[in-house]
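Letters A, B, C and D mark the chains in the order given here, with residues in each chain numbered from 1 onward.
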Amino acid sequence: MQRLIDRMKELLADGTVVRVLGWKKGDLGYNPEPHFFNSAEELDDFIYDGFCGANLSKYMIKGSNLEGKTLILLKPCDTYSFNQLLKEHRVLRDKVYIIGVGCKGKLDIEKIKAQGIKGITSVKGAEISGKCDELTVETVYGEKKVAYKDAMLERCHVCKGKEHKIYDELLLDSTDTCDGDRFTDVDIIEGLTPEEKFEYFRKELSKCIRCNACRNVCPACSCRKCVFDSNKFDSEQKANVDPFEESMFHIIRAFHVAGRCTDCGECSRVCPQGIPLHLFNRKFIKDINEYYGEYIAGEDAETKGPLTDYTLVDLEPGERR
Amino acid sequence: MSINQEFKPKIVAFCCNWCSYAGADLAGGSRLSYPADVKIIRVPCSCRVNPMFILRAFERGADGVIICGCHPGDCHYSTGNYYARRRMTLLFSMLDYLGIERERTRVEWVSAAEGVKFSTTMNEFVSAVRELGPNRRLGDLRCKD
Amino acid sequence: MSSTNSKTAAAKIAEISGTNPLKCMKCGKCSASCPAFEKMDIKPHQFVSYVVNEDIEALAKCESLWYCLSCFACVERCPRDVKPGKIVDAARQTVVRQKGGNYLSANEIPALIDDDVPQQLLVSAFRKFRR
Amino acid sequence: MNGIGVFVCHCGSNIAATVDVKKVVEMAKLEPGVVHAEEYQYMCSEAGQERIAKAIREKNLSGVVVCSCSPRMHETTFRKCAEKAGLNPYMVEIANLREQCSWVHKDINEGTEKAVILTRAAIAKVSLNTSLVAGESGVTKRALVIGGGIAGIQTALDIADAGYEVDIVEKTPSIGGKMAQLDKTFPTLDCSACILTPKMVDAAAHEKINIYSYSEVEKVSGFVGDFTVDIRKKARYVDMNKCTGCGACMEKCPSKKALSEFNSGLNNRPAIYTPFAQAIPNVPVIDPSQCLKLKNDKCGLCARVCQAGAIDYKQEDEIVTRKYGAIVVATGFEVIKLDNYDEYAYSQSKDVITSLELERIMNAAGPTKGHLERLSDGKAPKNIVFIQCVGSRCADNKGKSYCSKICCMYTAKHAILIRDKYPDVNVTVFYIDVRTPGKNFDEFYRRAVEEYGVNYVKGQVGKVTPEPNGKLTVHGVDLLDNKQLKVEADMVVLAAAIEPSPEVRNIATMLTASIDTNNFITEAHPKLRPVESPTAGVFLSGVCQGPKDIPETVSQAGAAAVKVIGLLAKDKLLTNPCTAKADELLCNGCSACANVCPYGAISYEDKLINDHGIRKTHRVAVVNSALCQGCGACTVACPSGVMDLQGFSNRQIIAEVDAICR
């Protein structure tokens, strides 16, 4: 990580960039947060480790409006989001210098807690320079060991690969973490009866408190004003009264990002209620792949998205291929 | 669920102005009957139908929503129904995924000359929805008595 | 044969041949192309209309079935993709199947071959008689 | 909001028989915003309209709902009525109680209940209507005609005669097109050149017509009334202003190996050439693939013999950019390639020819000076066989699915001409059907049989075999005799299918005009708007729209011209006000809307936006209302609902949904 910090300072010093968009140490040692660093001194608080799951690309919408060039750190999966934003003209390429940083899988503190570990004070073994195979969790009750893989975010188990799709330079090594199929859960749900499907989603969605964290973190949900905040459809934000309110919100949210969602998994990561929101997005991704051919949003910044495109022989609604 | 003959479903039909709305007019002109449960909303093109409209209809208690447009290749705006086809394919698949029966949503291409098709489509669709019974999974309870 | 029977028989032929006889525009290119035309009692283009008119009984009895060389010139040249040769072939199949056996069994063939038999004949013979 | 008036029409008993109109009026009065409701026998009648107008004036209505027949029938009527009474015409909504209610339902209770709901939905919508004013755009008073065949020439002449400027863009060195290649025309047998060349001269001499020959359309932008077109004038290597058309260069040119396009490749032409003697403009071009000077800097003979000093080997392509109010596509046709029809031996024998080649052979200016002779040995043929429908009416993947329409007639023409000039030549025509709809057409065909003794045989030919003695054996069938025929022929003429010119695809894309699976340009309506393309301001003339003979082409050319004149006669075009509109304040500038717009109506601008006092420059979508046709594809592509369709807005449709589901 020192290499990274040195390089960032170098770029600040030679005037290539005037600020750094990276992760800042949190108060607990396992909750870093996105931050604009405006000077080399501020970088003392910089961190990049296994807990830096946050996708920084969306912050570049703001960054593109700031004076001067911003240095942004993008993990391989973040570059897809960045490309997508570039395609939609939401970020400006000439306002940014991209360092593609390596990734060995990102961690989910909830997964550690879910193993019955309480009173966590700090976690060791999440350093990016380390081997990333075992974590040592310090708790008020003593030290606990957790396999790195068992604490990884769901999305890292179905990682798209450790190749950066856009960058100016690359730093730090990656380790492949993919050991699952991202459509397994979608397949399972598809196999249920309508009653079972409905019950499953009712149970999950009834947890929703409409905090909008999923929307606010989503790099595809970049509208200057969300439909759910405007009166464009007579659909302004309001308190949930019935079960369908959340369904409507989540269906529309997923539909609006369909063909644009890079499956970065941020929605599920930030949901305070632990709703598996990625299951909505992945359903659309799976359908798009099946019906209109493999498509990976954000693989480049040019290809037309599947919902703004068509062929003469597309599948009819309700038909299955 | 037993078939309830008394059950009068609320059906919203979005029809494009150039083909399907004209097809519905032709069905009328030819006195081809279909259930009065069907209420048509005129839109310029099937591509004007926003998923928001469909979900809103369900939220407000519709039991079925059908979208009718020109046959692919015949769109008055040349490409509108191709976009509609993709959007609706994905949306309906999602609704299915959430446990909302496929029979409650439908897309049908009806030309201005297909009065008969319009009427048979509506008859079929309404009876399919009747068979399912009232939509309980989507409605906004506040709208109910 | 009752009318329902002939209807099924006609449908069967359409199914086996995989062609749609209604596409025929009666141009006669099949008959113009047919090397066995003279020997045939029902001409290739007529075969198609017999199927359309569901007169399969006549087809089953006709000589043409056995004079068709299965050279498939008509199939190749038919501008409407009706493929009369396939229809003849299908009609032949229905007859062969009904008789419950093949015209030749594979074991009988070696004895019948001499050096003058062109290979194409063998191939088309198999196509005709062995399914 | 002053209040909504609801007007329920009985339509005699058409509505009133199955809908209790009084009940509808009663229920309408209970709806919020409704200040007036009444029923009447016939709302569309003058008296009915007067009632609406009176209510608008007296109650100062802000919105009108007419519960009557389909809006496709009387929406315009009621809009005009409202406008006359001082209400914006777009403040009128129709509830379709006839076609979609009373005519399809029999039970009066059911019908009334539905009528009330439909009325409610219309009231809900109209309360959100906004006054719309049709926009205006200017008209450039000049037309572009793409293609200089008979279709293009006729269209150009008709437009020019009405006093408007016309430019013709022709890809070959001369206008004239396929008609110039023909010898005689059916069914009158007058000489094609004799009727065409005067038109070509008229076009060239017309002060309103400007011909860009040897040029191609490179780029089209803009919209109806205001197209901007880039035309590539290909390098001619001859100065149009200096050349006198003396022809000395062509005579002296030593490179004479190129096949003459005009003579269907049956003889040769020099590297510097005009396609034919009456070419317009009568200025040669140098074919750079043949010219020795341009290829390896040798020769230069033409420059030396040219007394006008017109030869310019350094000439380069030139791009001209011009503005037009209307564009006519008249790109014409080509004869299909016969590669898929090897059974007819076209590639094996010089004596198997296409009908267009026969035209050149029969023509006095053609490769044989008009003598009917075999191309293989120059001998006079004794037996000629014509084969119809080669590549037409096919359901396989080798040919065209359509009937090429002109072949039956030109074959009858050829047969008559041959039998007339060479009575000892036997002519056999193998046909599938003889199709002769048209004035004096069937009579013409019958004359071929009855007066000229042409032997018509029903049955398609299976194959043609060239014999060692130079003859051709035609393996045919006579379906009426049920006999196979072998006809010995000296010459076989194939009536090959015609297809749209290959460049039409590219042109259609540039014009955003759609083409069908056969590459014919789609008309706006097959019956009612046959000479217009769905793209406003783009018109169709000739075979680019579908197979046609000369009389039909000329009529269509005239019709296209009338449409163009009707457009150019206007100083301003009123645009459909129901167009898309983006809320600049909130637009993301993400391009989703532009990606789905079929008309290229959406562009992006970096605009200074005043967001509640905060000024910022944003990339925002801007809709060109002259181009937008109001389909609404963009409104759904827009995730934030910022793009909305006027007249069918999100909130209006949601209001209708709510009213129906209430």
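Assume a residue touches a chain if its C-beta (ideal position, glycine included) is under 8 Å from a C-beta of that chain, and two chains touch if they have at least 3 such contacts.
Here the structure is a predicted model, which means the values were calculated and not measured.
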When contacts are scored as defined above, which chain pair ends up with more C-beta pairs, A-B or C-D?
A-B
Of all the other chains, whose mean CA position lies farthest from chain B?
C
Go ahead and note the Å separation of the Cα centroids belonging to chain B and chain D.
35
Per the C-alpha centroid definition, the whole-Å distance linking chain B and chain C comes out as 49
When the centre of a chain is set as the mean of its C-alpha atoms, what distance in Å lies between chain C and chain D?
46
So which stretches of chain A touch two or more other chains?
227, 233, 235, 307-309
Touching at least 2 other chains, the residues of chain C are none
Where chain B touches two or more other chains, by residue:
50-52, 56, 79, 83, 87
Per the touch criterion, the pairs are A-B, A-D, B-D, C-D
In the complex, chain A touches chain B at residues 186, 189-190, 192, 194-201, 227, 233, 235, 241-242, 244-245, 247-248, 251-252, 254-255, 258, 280, 283-284, 287-288, 291-292, 306-312, 314-319
Enumerate the contact residues on chain B facing chain D in the complex.
10, 12, 17, 21-22, 24-25, 27-29, 31-34, 36, 39-45, 47-53, 56-57, 60-62, 76-80, 83, 87, 119, 143
Residue numbers of chain C touching chain D in their complex, please.
23, 25-34, 37-38, 43, 45-46, 73, 77-82
Using the touch definition from the top, list the residues of chain B that touch chain A in their complex.
50-52, 55-56, 58-59, 72-73, 79, 82-83, 85-102, 105-107, 137-142
What part of chain D is in contact with chain A in the complex they form?
583, 586-592, 595-596, 604, 616, 619, 637, 639-642, 644, 650-651, 654-655
